[in-house]
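Got a structure for you, questions after.
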């Protein structure tokens, strides 16, 4: 296979991985809370800013410049901080819409997204401007006549690992069992001495932390980050989760593969690919939903009358 | 009399592995009352859903006045003349009682978007007339409902919801009306009133045929000429109530469950 | 027999002096409040006016009887209320002390009111999510701008053509609603909105990201809309032309909204909003009514788009983004779903608030979003909740 094809296959997998990390959060939150957390993309994109800020703080104080250690530490901090921001978002806003019509929660979280973007813009120094973001791993491997960035392999590996971890947590741990119990019926869960509010907090933490990894990768892949990148990242992650079938983790991954697939394909084959990638990605979304109204792996439940 | 108003032949539906309705035949002539009884989960409501077009049957056919309506969308079937109520009432709770009944007249009124926009007087007059009739209908069903006709349906107590649902179904001037457990959630007094109401509308509209799913054996005994028993999706008996209740299979189906009620 | 009781509703009352006083108080008071709000630059006055506004609603929240009294007054003296309202709208520009900025804000607020009323058919009446109103708005704007620039078609002719084109788009948009619902349908409309925005951005014949410039202004009987209005020895800035045009459009939208709401169609929409399955069993062709809601929305939104294009004479894809659709949606929810007046107030509030908060410069978007969230939490039914229909004697 020639280098061009390999290159694009690689791009496809990397993009899919990044999208999937965000889409999984949407799917998890919808599965458990039946709520669309539209600001999930914006929460996720806070992570690269926390990384940048932490790295700068570390450089200014203890660590010598550009130590990989500083970056690792900063990423870890960002993941935790963003996880907590997710919990906070739920606690301040989203939980108040648990029993409200879906449309209310949707609009509230859209507004929350604006709040988060504006806060990034105002708190981060010169937050309106794009910020260069370091490539997490600069090293490149030479395989035959092919250069493979180690970063790409790393992104794919981490994403697959996260998917496995999420799967194991949800299926085989007490926490996962509780989350699924609450997702099934929060009142019955309460009878089983499970506190739904703690479970919601845990779910928001997990979803946001995983999203944070996606946000960091997204910034690192693009080499730059801006306060409003969360809109597009969120829209794409949301679309991936929906066309895959909301609430299904496999669906979120499948949706990400599809959207990243058309994205890469358009960019690789069309002259003006870069400007038409969103057109085709969202035409795909429409197409899939017209054919499969509940997403590819979503269950169509026939209403019992 | 000519042929039956409503005729279902060999009606079946399966949900995955479960055969919820299995080859049920049903025939109803004009002005007749048919009662369907059977244990919980027998498939009674599902039979209604098949006839009213909410589910598409896996096999079998439904004819109304000799015309096939099998598998047609629910709104067509409603327009063709089959009205129904639901087991757990499904009113338009954020609208007034009058609105609910006027919506029931949807297929007896005509104005569309263009009429509403370009011939507002005409559209309005039609709606006012419908509201007028809705008021009359509510008064017929219960003076109490009539008094409350401008309040929201969501605020009604259970028994009145059932009445309103019946009024809404009657509003479409159907040929067949299907009531799914109309007495559920009613006490004895309400049930007696309900039986009264049904007798009254029968006198009022002689051609109208009824299918009623019921658990309350008092109502079953008081109303219908014919009873049909369903168990595990299949018809196990049919005939006058007095005969059917003697049937061994019926007693077995009800044993332990409903025997005490009967 | 209770003769004729079915005719007696709260609407049939004769208008009393108290009714007229209430109407005059509300309409003139509202106009005055709005006028001060538009003309002041003093942030203390702005905050005070907002406080008065909020206090009014707090009062309604605590004492619903007041709202009922007001509504009954407006029902009893409909003609007088309409007449006074029309006079207020007509003379309003003369009260603006020649401020073209205030008039500009009023034009924009009125266009958003039309958009919000358009979306209300779906979101309010039928509870169908639609995040593509911004796209219909854009299609209307581009359509009439292109017709005017490339073919020299008169504005008055582009208006209906653009509306028809957008209505076609509305049908296409509504097509997937045949099967998809709720969140899934919301995403379909989001996707449509993004596709339209991106295409406007990419096509060369739409001017790409730079958009279209030099869209000609309409003329009536030789009077160009870019010229000031000279009347009764008063001179109104040129924005006043578009103020009256936009006001006419709002009036059209209100008439459409009222007529549809008080018709069999409005009832069918309300029915499927509450319980789609039960609606189907009443003989309502749910798919058709959903498509109609999309079509009516696009039709009105396109009118607003055409007027906007002619007004600013320059449009670009960024005027019609996803966030514009969200803003329109927020106006409907904040104002009150399925309540015509509420939706208009919501549109005015959310258009004027960010403008007037310019004093907070950088913080205003944050501010507005926080207010929206607080609103959704504290008064989820909106400023003016839906009211039951009344029949008879109107």
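Here the chain labels run A, B and C in written order, and each chain numbers its own residues starting at 1.
The working rule: a contact is a pair of C-beta atoms (placed from the backbone, for glycine too) under 8 Å apart; a residue touches a chain by one contact, two chains touch by 3 or more.
Bear in mind the structure is a predicted one, so any value in this text is a computation, not a measurement.
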Arrangement of touching chains [line / ring / star / complete / other]: complete
Chain with minimal offset from the mean of all protein Cα atoms: C
Pair with more cross-chain C-beta pairs in contact, given A-C and A-B: A-C
Interchain centroid distance [CA atoms averaged], chain B/chain C, Å: 42
Between chain C and chain A, distance of the C-alpha-averaged centres to the nearest whole Å: 35
Distance between chain centroids, defined by C-alpha means - chain A, chain B (Å): 49
Junction residues of chain B, two or more chains touched: 54, 86
Residues within chain C bordering two or more other chains: 277
Junction residues of chain A - those touching two or more other chains: 305
Residue ranges of chain A touching chain C (in the complex, touch as defined): 30, 36, 93, 96-97, 100-104, 106-108, 110-112, 114-115, 118-119, 121-122, 231, 235, 238-239, 242-243, 246, 272, 275-276, 278-279, 282-283, 285-286, 289-290, 293-295, 303, 305
Residues of chain C touching chain B in the complex: 6, 9, 256, 259-260, 262-268, 270-271, 273-275, 277-286, 292, 296, 386, 388-392
Complex contacts: residues of chain A adjacent to chain B: 302, 305
Complex interface listing, chain C residues touching chain A: 123, 127, 129, 175-176, 179-184, 186-188, 190-192, 194-195, 198-199, 201-202, 277, 322-323, 326, 329-330, 333, 362-363, 365-366, 369-370, 372-373, 376-377, 380
Chain B to chain A touching residues, read off their complex: 15, 45, 49, 54-55, 86-87
